[in-house]
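Next come the structures, one after another.
One chain, chain A, appears in both complexes that follow, with chain B as partner in the first and chain C in the second.
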Partner chain A sequence: MSAPGSDDRRDPSSPLLEVSNLSATVEGFEVTHGLDLEVNEGEAVALVGRNGAGKTSTFRSIMGLTPVANGSIRLHGEELLDMRPELIPKRGIGYQPESRDLFTGMTVEENFRLPIWTAGEARGVEDEDALVEEIFELFDELEDRRDAEVQNLSGGQGKMTAIGRALALQPDLLILDEPLEGLAPVVVENVKSYIHEIIDRDISVLIAESNASHVPEIVDRMYVIERGEIVDSGDPEALSSDEEIQMLMQGGGE
Partner chain B sequence: MSRFLVDRDGETHLRLAEGMELTKNQAVLAAVGLVALLIVPDITRFTPLSFTAIHRGILFGLAAVGLNLLLRHTELVSFGHAAFFGVGAYAAAVLASQFDVSSGLLMLLGSVLAATAISVLIGYFVAGYLDIYFALLTLAFNQVLYAFVLQSGYFNYSDGLNVRPDGLNPPALFGLQLSSTGYELVLYYLTVVVLVVSLLVMWKLVNSPFGRALDAIGQNRTRARFVGIPVEKYVWVAFVISGIYGGLAGGLFALLQLHVSPEPTLYAFVSGEILFMAILGGFGTLVGPVIGGVVLVYLLVQAPFYIEYYNALTGLMLLAVVLFLPEGILGSIPKIGTGLSRRRRDPGLLREDVATIGSSLRRGVSRAATTVRIIVFGVN
Partner chain C sequence: MLEHVLNGLYYGSILFMIASGMTIIFGVLGILNLAHGELYALGAFSAFSIIGFVAGQVAAPTGPVTAIVFGVVVLAGSLATAAVLLPVGGALEAAFIRPIYDRDEVYQLLLTYGLLLVLTDVMKFVWGPSPVDLGVFGGINEIPTTELVGIDYPSYNVFVILIGIAVFAWLVWFFDRTKTGRIVRATAINREMSTAIGISTDRMFTLVFAIGAFFAGFGGAMVSIGPGSASLGMGLDWLVLSFVVIVIGGLGSLNGAFVGSMLVGVSSRVVTPYYPQLELAVPFLLMVLVLLLKPEGLYGAWGEIQ
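Then we have the complex of A and B:
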């Protein structure tokens, strides 16, 4: 699942995703305050913070779904702000929202095909069937649920379908909003191994997590977000064992 | 299994084309429906049933099929589909009366083109709206058109236009100048062909990727956007397709009635009726709106002969459908079918039904009595 050919809008010297000085608003309230964030080509990065810290708002701003008062969001150097939201997936960002947001009444396979039908051409998908099979190969658990309507899936299978649907865009950057949240421990391990496999395929990944303990085994770098601001960033191993950060995660970092 | 039969979870489906499959029951229903359509002229000849009323019902049903594309898939309620029906009808009438076009088929082409143009225009403004805003905007555009035609001398005000190119005879069909009986018969079969083709096209369309994308948009526009669906553009296209169906139906209506005036074609009540037809027949189904069209138009035509307060009929029926048949006539058939076959196997259920009906009646009566008592005597 490699990225399609080069594009003249792109600036090869800039990072894959560059969020700078982002102030997003939800219903008139500013929820992030001058947030900076970067994901480089081939990198796996986590955005870690408590519920309500601004992770989802940041992601939704990147996807063009939340109004932005200030700042800039660049993909391959191209400004995404003020772009119509449906163009952003076509530029190469696959998004798995926290609430999964699957297309009910449709089968798992149809959920995978929908993005290919609408954005496949823009993403340089040549063989639709091959791509769908590739996703089913990755999420082998979904193989025999292929024709099941998605509202009948278990929680874990639903997450996998949502991630698979984002992969159907052949994304340059995959954004996963709490992919492990609310899953049974066994399933968490499963989904983690799938994420590892995706990262091994050289797809850059940006993950939101509220549980810092999962993070070091998945990503190369992490940001800590608190009250809409990045308060720390760096090596996930070191950061997640930092006592102050741990306090923060448990809601005691006042 | 042969080319036309496929196995789906142990059930044999008739497969007509990619994405177009019927279960055994659906195939039987479709065959019965098709035969019924074909023999309508014969049946009405030997029974007191009204041929014209059924014909008109099918036309309105076609418009309702178009409206149902928006209702069922993008989950948008249009209160303005008479705009397209009326524009289609008026396009045919204008061609006949002002431009002396004598070919019925050319008039239909005119209807389709005019409906396309007007739905492109209206669709551009409404595609970004949802729910009540969408409903009100479509209604508003409908009323603007109605008022404009009503005030315009070109369209002969409220009297409307005749669809008789030479001022006397009906238009030619397939190059033939027919007697009035022959004309109605040929026009009927033309309508049947148009209806069947339109249904097949709609069926193919809603099972295509585009149709799935419309379903996605109907569920949640944000969700549709982050998989790259251009929401407004697709809604716009669906709106235009929907409008073309309405325009085609309106053109056929003009050819059938040979006269077009604002009230029965463009008025907002007509929009309401088209919407009700889809709900009555079953808006969760492809063919339901046609059944709804035939049933409603037939009842509206016949009711004045039997009931004094026939104007209340639509309202009462709407109430009854919403309360007792929320999935409409066609949508309820599978449920009624399983209900009946369960009762055939277990007659004890029938006794339970009677008991349920009895107890709910008793409860209803006592509640009504309480209400009356409160109204008459006050709370204490």
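Then we have the complex of A and C:
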């Protein structure tokens, strides 16, 4: 997939997101060890590994929520580590955390509007209502639930709301932490098709998955993470059928 | 009996102006602000100076019409007093409380207790150790209210009850309907996720603390205007009662603070005339009762699913 190339800020030679030599720490313990990762413009990339391999910590460091001892995280060539964390979404990263973390007691629509109120100006959102409608059009099954408080949603609807809230930032990069985890098989197919639609809109996507079997259908490239290090990367089709990788993924016995 | 209930609502309204700020600050910042009663006392002392000055600019009321003018001037003075507390609250948060958000609660309690002592000394330094009384109470009561429906009850108390209800309505509107209010709620519900959608939590914390200080100061002004006086010990009594209120209502709940304030106000004012020895015990008995029946308080904080 090629980059849209319409935005002057973007330097086609540098990747959209460039994580290098990242050592993230949780409560003083190093959880990733010199991790390197790249996402190019318009690319869909997966970070695949067992639970506890360091996927969420990596994503949280990118969002400025987990402390980093060492390394560099650049978006459009700009270093994010020196930045106040609330500026990172304003620079163009939308984040769906694994636990969804919706704003309970508020409606689906309010959850979509909040990011526009806080970062809409920085993200160049001109028409708030149009953007909200666009998100409801994408996740058409949320349409009837727009005034429902988010704690009353089903698991799948909750995931969609969390993804929709990230899209309300009009992100250049969408980070999805296990968007398919814990969903019924038929809902998994639904969410997958939504992610496809998002990728088709030329939004770059970085997805964490603990189940390698979904990955080839969704992404262009994948990284395999194990014990906080990238152990392999490349074509998702080839990697996910690789026996060694399959052993690795099953090794922990999730 | 009606008089006692009205007295309870009056008392509850002032209590709500203090307890609402305390519960919102706890709900959003996660800090139990022990200095909150001193912000209220500071409001009472500032009202003595500010309202004393503005009320001196108009003649003392001689009839209902001039009394209304006088009342409006006093109300404007109370709002000006509360407005003084906005920057005071904001500055206290930014300078002293912000650096210790990540520390253990014990540090936060010690710090806000320290602020309590410092603020008390500042007020002692500025206004002296003796209570000060504004003395505009009589003028406000020249405005007829209850007489119109055939009851004899001080108009001033009626106004305070109405103002208490208006403050509650405003806070509900602010947090339910305005963008800023909902952004504050999001911060209370999930601090990290708020950051991840671009909310500056520092800014929201300062705002919330300033709003809390504003209403505490407004409550203080109400007491200064009334038959009571501004005194150095006043903050502590109300701090303890506010704590009782927010435990009854549920820590961090605005609705809970309102219902709790009115319950504490009415029950203590209704019981006291008949059993004066229970005056101090009633709020605590009520708290014990609520804790036995509903240990988490009557209402949940924002984002808590009930």
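The rule is short, and it goes like this: the second predicted complex is superposed on the first by the 239 of 254 C-alpha atoms of A that agree within 3 Å, B and C clash if a C-alpha of one lies under 4 Å from a C-alpha of the other, contacts with A are read in each partner's own complex, and residues count from 1 in each chain.
Throughout what follows, a residue touches a chain if its C-beta (ideal position, glycine included) is under 8 Å from a C-beta of that chain, and two chains touch if they have at least 3 such contacts.
What you see is a predicted model; the values in this text were computed from it and never measured.
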With the two structures overlaid on chain A, would chain B and chain C clash, or do they fit side by side? clash
Just chain B (first), just chain C (second), both, or neither: which does A:Arg221 touch? neither
Should A:His33 be classified as contacting the first partner (chain B), the second (chain C), both, or neither? neither
Determine, under the contact definition given at the top, whether A:His196 touches first (chain B), second (chain C), both, or neither. neither
After the superposition on A, what does A:Gln151 contact: first (chain B), second (chain C), both or neither? second
In the superposed arrangement, which partner chain does A:Arg50 touch: chain B (first), chain C (second), both, or neither? neither
Could you tell me which stretches of chain A are touched by chain B in one complex and by chain C in the other? 63-65, 84-90, 95, 97, 101, 103-106, 110, 114-115, 117-119, 122, 165, 169
Within their complex, chain A touches chain C through residues 63-65, 84-90, 95, 97, 101, 103-106, 110, 114-115, 117-119, 122, 151, 165, 168-169
In the complex of these two chains, what residues of chain B are touching chain A? 209, 212-213, 215-216, 219-220, 222-231
For chain A, which residues are in contact with chain B within the complex? 63-65, 84-90, 95, 97, 101, 103-106, 110, 113-115, 117-119, 122, 165, 169
Residue set of chain C touching chain A in the complex reads 179, 182-183, 185-186, 189-190, 192-193, 195-201, 302-305
